[in-house]
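Naming follows writing order (A, B, C and D), and every chain is counted from residue 1.
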């Protein structure tokens, strides 16, 4: 009998519970025992763990957040913290660790792998989709749809008042969320950190649209760009339009996962256990061209996933 | 054949279209002609009007915003603007005016009633519910539910991380939206402009809850309170908890109206036309104790609707 | 220290959990102990109970269904079953019983009150709204909005194809749900058990609408009418239109409660405990003209709440 | 100047409007004129067409259904009908035809290609996903999520009552929808036409789950299986559980498209125009392994897309 530890780390993402369920329900029939580690790496440092069984992961597939809890853990960012974590893995007789989280969590996992010799498998779950080695992450599709529904509501007001709305979406330092939300919301302009911001061009485009008869416009901006207020001010001053700013905020992180987030979580969770079974080490399960593939945690942590700028062009071509 | 003008004014609210539909479909079979005035009072000043028929208000009952458009209109706030509006009512042979909007719109209607002698009937539609003479307004129930769904998503993250979330909701200078959202979201504390803010007490309550084993808390604050960031800072400093702020913003103004907002719009729209038929003047249709009642626009503009502080107490009693 | 038993009975309704929360959190600070009875009256007969505390009702205000469970219980419908229930109330030292459910549950409560002398208080919770003594019930507003959202989706297909859709909604033997859903969905025709069905008139109306240029129609029919398929067949045969039938089914019973259902649950739950405190007996808390009022269970069980046929007329007047 | 005709045909699917928008806004800047054909092939036979411009496809990206309308057209299934369609294409000087629809629509398109020599390009849009040559279709993701949300509501009642729910979903003759919905809903069992139905095994599985402590179960069955009621009856008789049946019906066809459906529609619509530009003929644009690819309409009409039975196994492994 081998024992798998499972931890959700970093920011929560919709679908983490579906992934926990998939891990537990794949592992137990294969003869593993599963230990749920609470509150992220903080729980690993404090030995807060609970044995999970088939029933404890019942009726959670549809729930946002994580039933294991998660937390920022500064101590784990120190060498001492990592060593203590490794000790606790041994103390608790954990033979393999599955980490569900984003790139910060995987950097922690990589550090941990340096001081302990059990297999560590990562499952990418973040609404930001900013993880190399996988085309998409658990929670991303949910966040895109949540932001999209929000903008569909804002559209009512934009249309009624004939206004420009600037909507700030999450995504940390990257523009994945902004790009997909902006394209599918029909946004006039999408501003992402991956492209040089040219506010003059944004204003020209708005004026052109206005002249062509567009009564309202929506601009989606990634939080990673920074200075969203400045964008609003420049448009207001340069174009003379009524401009309103809304930052969608934390609603993007919660909510019941979409089918796609649940499906991905099921595939990844099941695969992660099989990787443990095959004694694969320090890898992250991912999706490449619609196929399950794995990459080393080292690759994941050292690479940067490119943003598809062609999609950005398409979005703008269609928003005329 | 008499001609009714209809205008949506001020901020848009979900259900305005259902009200327009109700007015048109009640009025036309009674022999009226209905003229839709575009872009609020701005369209009245610029003679932007369109004759409405039964089909033009088909398939709009479920749409947020207003198909007539609305806009802030500074010119209408001047004596000259009001006079011009009165002239345009006459030029367009409008025999009665139905104004769908909030208290600002009704103040404008009252001014207008001073310089023209056609009947003016108000239909209260605002997500803020800050209109005297009616227990509730078109759009309020929708906004409450939109904010509530947003907080239900935020709850996932709050629970997962064990954090305090401060959520700012709309409501202009009043706490109606915050109160109903806070109570139904199970918020630990609701901060409204109608009550003296006592941050010390807020912090005491949070600490007490925390000691009782509550892992997360949600605080709802009305935008009318101002200084939301200060609240966040004081809690963070005083309690030492992780605190996050989200301002729900414009999503609260849009979206498909709830059943209650559509029902209210249907009742009010139909009644407003009957009031015109009965030559009632300068009144607003409203709902008091679940019955349709009307009050003079003067009363509406000069009165302040009290907030039910008992509900505020109930909310706090149940959030222990 | 007195002990209150609480049971959810009959069909589940969204908001039952918010009511349980309100009861527990009002009762405990007043010095009561609260015992949750599982699986409806079946749990009372089988002594399946659990002491509830403040934390156990945390994070449930937004959940549909009932955390206590509910079940049909044939045994309770016999004299012997009722006697056994009374015995179990005594065995478990329950000093008062709060029953959350619909009219069937209240009939059971009334029977029980005949053989035991503890106060029994009813809280009306059913999506059907078919309970006398209260204008509305916990869960009704949620079901109306769920059905309405469903019809808004069906509208897309109806519009695209230019079809007639017949939508069957729940409501048991009554038309409350159909009426409110139909009115707010803009249904061409609403068929309820409270009115004689005149299919000829329905067909005439559809043909008239069609001739007036309406490209699609929605007909809402209450399940209590029966023979929905017949309605479909007659329209198809008589009018020659493409007609589609959808029965919304069980989605109407679940889902997160709306603000209004949660508010009602909070008010009713709190009031029910105060009624126990005041030693009121065998009553149901209710809402009349927007005020909390109580009526005897006897009145509730023997009376029939009228359907507002004026609303039915309004719905049809506005759907032209 | 070339003229492209565009038609939506067969059953409507969410995202068709986003596809129309993408076609129009890609084509016009390239110098094409776009003629919208109304009511599917019926409108082609009746010369019901409207020139589309950039503004007419504004504010439709989020709307379900199709602004062009669609209809079954028996006449088009005859040789004469097809010839008349070809004539009308010529009469209206249409140089290329873009058909948005499912496999029935593409069979029609293939027939049409036999008697006219303009390029015909198909865009796959159907909630059933039963189209060869593409991994997924416009509307499929939306329908999956709609059905999933419905089942999440039903789960509340299933959990509260401890019942078995059998939920019938759409999918015509195939199990794509049932599979993805069932897996992501955590259904105990998914019954699809692609697998021999073994009700004995279904009952064994339910009993086993029940014995393991599962209090409720959800079974998803594709409409293509037929005899859903029989499944319900057998379970009820064999297992002795309370079983409820819900057929989700037409709600699965409507609603605002998800991000994924809108993204697919944007990609496909844009690509279809480029295929016209490159004089490609009688092909369908599709997505294979996350890349845009095209296949001949002949291949699409003659091939059958396999259902991924591994996913079916995964679903069952995770629902223990």
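Note that contacts are C-beta pairs under 8 Å (C-beta built on N, C-alpha and C of every residue); 3 or more make two chains touch, one makes a residue touch a chain.
Just so you know, these numbers come straight off a predicted model, no measurement behind them.
Engineer: Among the chains, which has its CA centre at the largest distance from chain A's?
Structural biologist: Between chain A and every other chain, the largest centroid distance is to C.
Engineer: Could you work out how far the Cα centre of chain C sits from that of chain D, in whole Å?
Structural biologist: The computed centroid separation for chain C versus chain D comes out at 35 Å.
Engineer: With chain centres taken as the means of their Cα atoms, state the distance from chain A to chain C in Å.
Structural biologist: 40
Engineer: Would you kindly tell me how far, in whole Å, the mean C-alpha position of chain C lies from that of chain B?
Structural biologist: 28
Engineer: Quick check: what residues of chain C touch more than one other chain, meaning two or more?
Structural biologist: 152, 155, 159
Engineer: Name the touching chain pairs, would you?
Structural biologist: A-B, A-D, B-C, C-D
Engineer: What does chain B use to touch chain A in their complex?
Structural biologist: Where chain B meets chain A, its residues are 8, 11-12, 14, 39, 63-66, 69-72, 146, 150, 152-157, 159-162, 165, 242, 244, 246-251, 253-255.
Engineer: Quick check: in the complex, which residue numbers of chain B touch chain C?
Structural biologist: Residue list for chain B touching chain C: 18, 21-22, 25-26, 29, 54-55, 58-59, 61-62, 135, 141, 144-145, 148-149, 152, 155, 159, 180-181, 183-186, 212-214, 256, 258-260, 262-263, 266-267, 270, 289-291, 314-315, 317-320.
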